[in-house]
Amino acid sequence: MTRNVTMAAATAGHAEGGTTLNAFDNALLAAGIGNINLMKVSSIVPPEVSIIELPKLKPGALVPTAYASITSERPGETITAAVGYALPDDPGKNGVIMEFHGSGTRVAAEEKIQQMLEEAFRVRGEVIHEMRVFAVDHTVERIGCALAAITLLAEEDLA
Amino acid sequence: MTRNVTMAAATAGHAEGGTTLNAFDNALLAAGIGNINLMKVSSIVPPEVSIIELPKLKPGALVPTAYASITSERPGETITAAVGYALPDDPGKNGVIMEFHGSGTRVAAEEKIQQMLEEAFRVRGEVIHEMRVFAVDHTVERIGCALAAITLLAEEDLA
Amino acid sequence: MTRNVTMAAATAGHAEGGTTLNAFDNALLAAGIGNINLMKVSSIVPPEVSIIELPKLKPGALVPTAYASITSERPGETITAAVGYALPDDPGKNGVIMEFHGSGTRVAAEEKIQQMLEEAFRVRGEVIHEMRVFAVDHTVERIGCALAAITLLAEEDLA
């Protein structure tokens, strides 16, 4: 891409909705990314990227995003979505993002993300310099969604 | 993206094929978007975008597209895909796209899209200025596909 | 896109992993595309594109990629992923990419890809000038992944 990714920001949200797609839309809004276009990517933090708090984004922006989401229509079920990133010692090398979604609470999801990141660095022969996990869970009332995302941002995405 | 989305165009198509992937390819061709690269997005119409008739597109263009599709190998089954968009009163704000696919005819799908768009605007506190739904259904002979799409276009995508 | 796709490169890989997502990550690494961001596309080779050997790619690059992948947690199962492209006589026209994943060995997958490409050209009224299929299979030990991909590359993706 001529797109120049210089920032990454993580977020998570959960919500109910009238349909599963509305629950997803509402969870995106709760996470602060409901008015942009997510383009799903697998799942690398480019080198030299600044990790920032989610900024205000330009409506409609096309934003490459690694995300996990789950919707459920079973009242009482607890659902979880989690993402995490790990960055290497050498800032000239890329980081890795891992995603997880499933039933259950966020504690198990956070542990799973951590293990996946550790394996990803082990196989690359790299040492983790910094690791963060973002997870959210949601207990379904009628139709619910949990979602966690890491957006890969360029200057032109900022509002 | 440095991509500058200035137009959006909706389309729909349905077809049979020798395999499910060929049925999908044939439905894309029937819809006039069989020779471009769809990049799936969720699902916002950027502000100030012109809604146009699907133009002739440059072969191989990488086009962010919100779409719904369904394939079926059950002869006699009727399958439907639908997309719709709603735009707000304020042209400086973004619109929303919703997608649906499933069994059944297009009438129920169109109604569902409309309800989803109404919820999406209600939760955003916006009023719908314009809403359009595009749906297609297909009764399977052997292997069929129905698909509906809204492409987010830039000048450089035009043939 | 202002992205200018001038090259396409195919690759395939397979691996075990501690989780299905790590198996996928490890298969990407085995295929030489584990440190880039794949953006899934369907599935056209733009006109005038050079087919090249997979080059060294810039870590974190956002690369539109047509791919097939499958993971399995059933020890002993053989899984296959395959992609293929066909190019037309007229280099000013686009080629087509087809993907397949499933159980079984690569021989059946390769044949299926070939048949899908032949149908895709028949319906377009084009003659195949060149066709190549890339397939890989993997017999699962604990948690395995097979993946095959065609990357659509621009100059700025090269390391």
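So that you can tell them apart, the chains are marked A, B and C in the order they are listed, and the count of residues begins at 1 in each.
Keep in mind that, in the parts below, contacts are C-beta pairs under 8 Å (C-beta built on N, C-alpha and C of every residue); 3 or more make two chains touch, one makes a residue touch a chain.
For clarity, every value in this text was computed on a predicted model and none was experimentally measured.
Trainee: Could you work out how far chain B has to rotate to sit on chain C, using CA atoms and steps of 5 degrees?
Mentor: 120
Trainee: Specify, for the interface formed by the sequence copies chain A and chain B, whether it is same or different in terms of residue numbers shared by both sides, with half as the dividing line.
Mentor: Shared-number fraction below one half, so different.
Trainee: Report the inter-centroid distance (CA atoms only) between chain A and chain B in whole Å.
Mentor: 25
Trainee: Would you mind listing the residues of chain A that make contact with two or more other chains?
Mentor: In chain A, the residues touching two or more other chains are 1-3, 39-40.
Trainee: Which positions of chain B touch chain C when the two form their complex?
Mentor: 1-3, 17-19, 21-22, 24-26, 28-29, 34-40, 59-62, 154, 156
Trainee: Spell out the part of chain B that touches chain A in their complex, as residue ranges.
Mentor: 1-3, 5, 39-47, 49, 64, 93-94, 96, 98-100, 112, 115-116, 119-120, 123-124, 152
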